[in-house]
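Below are two complexes that have chain A in common, paired first with chain B and then with chain C.
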Partner chain A sequence: MATGRTVNRWTRIYHDGYDISGMSRSIGMAGMLYDMADLTTLNDSVKGYLRRVGHVNAETVNAVLDNTAVTGLHTVGLTAGAKRTLLIAAGIRAEPAAGDPCFGGQFTQGAYQLSDDGGAVAATLPYGGWATDATFSHNYRPFGILTHAKGAETAVNTAIGLDDEGAATAQGGYMTYQVLAGNGTATLKIQDAATNTDPSFADITGVTTGSINCAVVQHGIVAATVSAIRRYLRWQIVFGTATTVTFALGFTRG
Partner chain B sequence: MADSIKLTTVTNSIAALSITITKPDGTSGTLTIRDIDELTEAINQEQCPILSPQPANFVTDVVITRDSFGADAALKTVKYTLHYIFYYAPVAQGATMFEKYDNMITAAAIILNHLAINTNLTGATDILPQAIPVFGPVADGTGALFHGCVISMRVMQYMEA
Partner chain C sequence: MATGRTVSRWTRFAVDDSAGTPREIPINTLSPVGLVYDMTEHTNWQDAVKNYLANHPDAVIEIGGSFDNSAAAALAASGAAPVLSGSHTVLNPISAPTFTTPLGLWIAIGIRGYWATGDPAFGVVAPSATSGYVCEKYQTDFVTYVASFKPHPGTTPAWGTAIIT
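For the complex of A and B:
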């Protein structure tokens, strides 16, 4: 992973288990925005505000119409009103790598709209915000790190992990997973450790997909059921009947 | 990291590209791409095809912009255009003057396509072929004419990267 600035050509968008980067032109603004209550009193010299409810959203994917069978945006994004699992990976002047920033969650796709854009046929997917029927209600900051960049794995992870925060945290977290291909069942997890050595890593309680059939696309978010997240993070896979799984994982600390 | 303009790194990266084209003799082979320290006044027929930096106005349209606060320490972006001459075959190589012209166009299209799909070059934050300002006879340093064209590439680089 590199550090510093980047350009949008290295952004990748995973949508319900499909990589729609090659059909997307822009996304966002993705992030968290708080309503602010104006609590200015008569004798305040400046206006005063208090934070109300946060709004987490990916806003809008601006894309091109692509009706490629199975993987085209006109197929995977056609149904408006659906809950979508999004994982946005921001590669730093290179293809997204483990440790790069990411944004993930489940959002309600409010529409699927075609329009003309200077002669090109564009497709727009506006998101309404964090889905009420998401796997859990959001109480985290929505930005995390990519613990596994899109790619295939055929063996369990014995490598050391990532130091995304510089210290342990105590507010839980959640995993966003996107399984793009595979040939059987497997379980994806996030592990943490206090020291960055292979034997030190252990599963974060709750942060597991359970056994899923990776022969079809899979996606979702899973929250930790513990608050303490140790300093170092890494991806892990337990193979069932699968021998290869192609996936991307993000983890967001609370 | 200190700022730098990685012009020579980019030319090294371009020279290291491996592009397979059909040569004027009909065989398939790797295009010779010269770096800035490999320029020659004359281009020999047997060396063709060659993609070589255009000595006159090799770098044009240089723009440096400040992207953040910080005066000298500010984040900055440099953009510039590099011009390469593609020498495919001497004019009149063959039975007629334009016998190799269509082959040159085919080869130029392959080069442009390769440059458009290989944009992750060391030294550049982004690079894309931008234009073909000259398409037709191009001259080497001695004035000999070749079927070929000038290919321009626009480079963007974050100067701290």
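For the complex of A and C:
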């Protein structure tokens, strides 16, 4: 991972288990926007507000038409109105790497529309806010970190982890997973540790995909069932029948 | 401090991080700064011109700038060059639904040089459990970001000349 500023040529978008970065041109502003309740009273000297409901949004993916079989956007994004698992990875002046910022969750794709854009046939995929039928309700930070950049793994992880926060947190968290390829079953997890050594890491309770068939694309979100998330984070894989799995993982703290 | 006119390159923006430590973050857009009053009209038929009274003022702050995930850094002292923290590093935790602490927020207008005590500043430089700003919005396309802040109930943002603490 790197730190600092970047440009959008290093942004990658994973949509329901497919990498659509090669068909996407830009994304809108993702993040958190709150309804603010005005609580000003007669004797207040200045208007005062408190947050009400938050809107975590993925805005719009602006893309080009691509009707490649199976993986083309005209195939994987054609059905609007469906819940989508999105993972947007922000590479910092380089391909996204573990520890880089990410935005992940389940959002309802509001449309799939083609239009002319200076002669190019463009595709637009606007997303609504957090999907009502998402795996769980959102009560977390808007952004997390990439714990595993898109890539293949053939062995369990014995490496040290990431220090994304500098301290433990106490508001839970969730994993966004995108499995792009594989040859059998495997289980993906996030582990945490108080000290950054291999034997110190343990599974975060609840943050597991369970055994999934990685021979077909897989995607989803899973939340921790504990509030305490220790300081260091890393990905983990347990191989079933698979010997190789290509995936990307994000983890968002509360 | 200095007196006279200035340009925006000497403007600084700081907001508390989730631990209550003020952090200066990069900005390249800033909404108008200061109190703006709701004006209640009291014009009657007999008046020659429309007339008004000031009701509650508002003090919304909107900023934008470069997305940056650099580590948090200590705020530069009076008269020193800015030391920037990553905008994402600071804004992501304070925009979580679970974060409800009022934030210190400081906009400092340096007068043809690095801001020094005595130069104009606006915001809430000494927040408390009941006084400060609330982060209303943090959104990014990972290249730029936008964020907005509104006063917590009971807060009186004000002009001053002191650094945020």
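Miscellaneous remarks
Everything below uses one rule, namely that the second predicted complex is superposed on the first by the 250 of 254 C-alpha atoms of A that agree within 3 Å, B and C clash if a C-alpha of one lies under 4 Å from a C-alpha of the other, contacts with A are read in each partner's own complex, and residues count from 1 in each chain.
Everything below uses one rule, namely that a contact is a pair of C-beta atoms (placed from the backbone, for glycine too) under 8 Å apart; a residue touches a chain by one contact, two chains touch by 3 or more.
Since this is a predicted model, take the numbers as computed values, not measurements.
In the superposition on chain A, contact is made by A:Ile27 with chain C only, not with chain B. After overlaying the two complexes on the shared chain, residue contacts for A:Gly72 are found with neither chain B nor chain C.
Using the contact criterion defined above for the overlaid structures, shared-chain residue A:Pro126 touches neither chain B nor chain C, since it reaches no partner. In the superposition on chain A, contact is made by A:Gly4 with both chain B and chain C. Of the two partner chains placed by superposition, only chain B is touched by A:Ala94; chain C is not.
By the document's definition of touching, of the two partners only chain C reaches A:Tyr49; chain B does not. More residues of chain A are in touch with C than with the other of chain B and chain C. According to the touch criterion, the shared surface of chain A, contacted by chain B in one complex and chain C in the other, consists of residues 4-5, 7.
Residues 4-5, 7, 9, 93-94 of chain A are the ones that touch chain B when the two sit in their complex. Only residues 75, 119-120, 125-126, 156, 158, 160-161 of chain B touch chain A when the two sit together in their complex.
Interface residues of chain A facing chain C in the complex, by the touch rule stated above, are 3-8, 11, 26-34, 36, 39-41, 44-51, 54, 57, 59, 88, 90, 92, 100-101, 138-143, 171, 254.
Per the touch definition, chain C reaches chain A in the complex via residues 35, 56-59, 66-71, 86, 88, 92-93, 95-98, 100, 134-143, 145-146, 150-157.
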